[in-house]
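Shared between the two complexes below is chain A, which pairs with chain B and chain C, respectively.
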Partner chain A sequence: MSKVASLFHPKRLNLSGFTNIRVIRDNNKRMAVEQNEPERQALRYMIRNTSLPGRVRAQAQLQLSQMHAYTRPTQVKNRCVASGHARSVIRDFRLNRYQFRMQALAGHLPGVKKASW
Partner chain B sequence: MFAHQTRSLLGAGRNFRVSVPIRSLSTPTQPTAPATTPETVSQPTPTPVAPVAEAASTPETPKTPEVPEQPLETRVKEWSERLGALGSETRLPRSVQAIYMRPLRRKAEYGLPVCDLQLRSYSVENVEFFADFAIRAAYYLNLPVSGPVPLPRIVERWTVPRSNFVHKKSQENFERITLRRLVQIKDGNPKAVQAWLAFLRKHAFYGVGMKANVWEHDSLDVGKSMDESVAEIEKSLAPKLAQFGQRKDNSLGQSIFDTLDSDRFAERKNL
Partner chain C sequence: MSQTRLLDLVKTQCRIFSLNFNPQRLRLGNKVLRQRLRGPALASWYPKQVVSFQDLQNTYKPLGLTTFDEAEDDREEAIQIAKLRGKGRPKKKRTAAESRSAKKKK
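Let's turn to the complex of A and B:
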């Protein structure tokens, strides 16, 4: 497999909401991970299976390490859907802390109120 | 939820100020054929004036009662008159009256739970209203019901800095409280329960989520009937089970790496 990241660009942009290059790149990574998961898992299984001959396991190791970085699940990072920010993204709303605060104060998030206790 | 309004309706209709539910009693504004309606409007008028046919002039419904040549029956009465007649001369239909009382309930004979319906919302009014609605609907479907049981609230809280990282000392708290109500159906007919659930889904209320657990009960010798159906199930599963397990042609000479490069893996990647 070649190492070109553009391999993972979709023909058409299949995203809605806020988009910038980092959001698009993250989306590409997500799709690459999803598509290559069976292959990765098969190779991982071979590497860990001690009943297989050592040659096969070494070969599997090589092949796994040669797979593209975008197919690694650790490459996926949650990003804010409203601003594309990658830090302090609240998972429940997929919003970054600033966007969350703005939208909560504006009443756009159902049921979310200012709390005091 | 209407409990505090109920007594006033039955005892003295004159104190009764709510105008909305009365609308269904008679059909007041009928612009097409007002001359034919006086008999169908079920309010007896004390002074029967000889009806003069003036179908053309009546469709203007907001006529003031000061017009002398209009016979009384053809005009739509004022709200105050109609409401005043409620206590003495007429009454609401029983089903409408029931709305102002606590919901009616059927008695459970065996008390066997059949369906658990959980309602969730962020607002008390919505979830209370819909629980009330569900209980009333269950009554008319002949389903014994218990509830609404208030389940523990789910409180989620988030704390975020008000501004930049450096101002970490100044933060803001947000919370979302999910309120839950449990409505349980006891020993009801499964079909009636399904009809009830479908009815609730059809009239789903905004901002109220629903989750239902439905249990079906069978007779004691259920094992026998299950044993009888095994052969049939095996027959229907046979084509699927035949594909289960390792394929022989998979391990024919080629290595596993060839398999990974094969069409089956490549087509998934659609690269």
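Let's turn to the complex of A and C:
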């Protein structure tokens, strides 16, 4: 398998909201992970199954290690949906702390209220 | 209860609940098969575009309605201006010989 990341570029970008190259790249990785997950899991199963012959397991290891990096779920990074920022993203809202504060103060997040006591 | 009886019980239990019967406790990797697929959850992180302006244009064109895409218009205008200033994109090199000669000129 070739190691070119452009393999994972979609024909047409189908993201709405904030997009920059990092968001697009991360989205490409997510799509690749979703597509290749059954294959990866099958290989992982073969590797961990001690009842299979050693040769088969070694081949499975090799095949798994030669899959593209984009198909690896650890490559995926949660980024802010509104700004593309990758740090301090609040998972429940998919927002960066700053975007979360701005949108919460503007009343765009139902049920979120500024605490005061 | 005897050992064989207990084993039979576990075997039946595994059959009913479709579990893997593995009394020797071999490492068969079944924990990988038991894991849920994370792909769909990961893939749905970013909001997806359901319909684009181009889709609207394509649906309304056959009806004889005209549409105006302001962003696209701006883009084309900017390209025209850049071209006039001599800052447009270079011509696409179609053959290997063309691209080589382009490099030499520098």
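In this text, the second predicted complex is superposed on the first by the 116 of 117 C-alpha atoms of A that agree within 3 Å, B and C clash if a C-alpha of one lies under 4 Å from a C-alpha of the other, contacts with A are read in each partner's own complex, and residues count from 1 in each chain.
Here, a contact is a pair of C-beta atoms (placed from the backbone, for glycine too) under 8 Å apart; a residue touches a chain by one contact, two chains touch by 3 or more.
Quick caveat: nothing in here was measured; it's all calculated off a predicted structure.
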item	value
Superposed partners chain B and chain C on chain A - clash or fit	fit
Which superposed partner A:V33 touches (first chain B, second chain C, both, neither)	second
Touched partner set for A:L7, first chain B, second chain C, both or neither	first
Chain B versus chain C as contact partner of A:F100, first or second or both or neither	first
Contacts of A:R44 with chain B and chain C, given as first, second, both or neither	second
Partner chain in contact with A:G111 - chain B first, chain C second, else both or neither	first
Contacts of A:I90 with chain B and chain C, given as first, second, both or neither	first
A:Q63 touches, of chain B and chain C: first, second, both or neither?	first
Least Cα gap, in Å, left between chain B and chain C after the two complexes are fitted on chain A	12
Shared chain A surface residues [contacts with chain B and with chain C]	35, 38, 46
Of chain A, residues touching chain B in the complex	7, 35-36, 38-39, 42-43, 46, 56, 59-60, 63, 88, 90, 92, 97-98, 100-101, 104, 109-116
Residues of chain B touching chain A in the complex	122-123, 156-158, 160-162, 172-178, 207, 255-257, 260, 265, 268-271
In the complex with chain A, residue positions of chain C that touch it	26-33, 35, 37-40, 42-43, 45-50
Parts of chain A lying in touch with chain C, wherever the complex brings them together	13-17, 23, 26-27, 30-31, 33-35, 37-38, 41, 44-51, 73, 76, 78-79, 81, 94
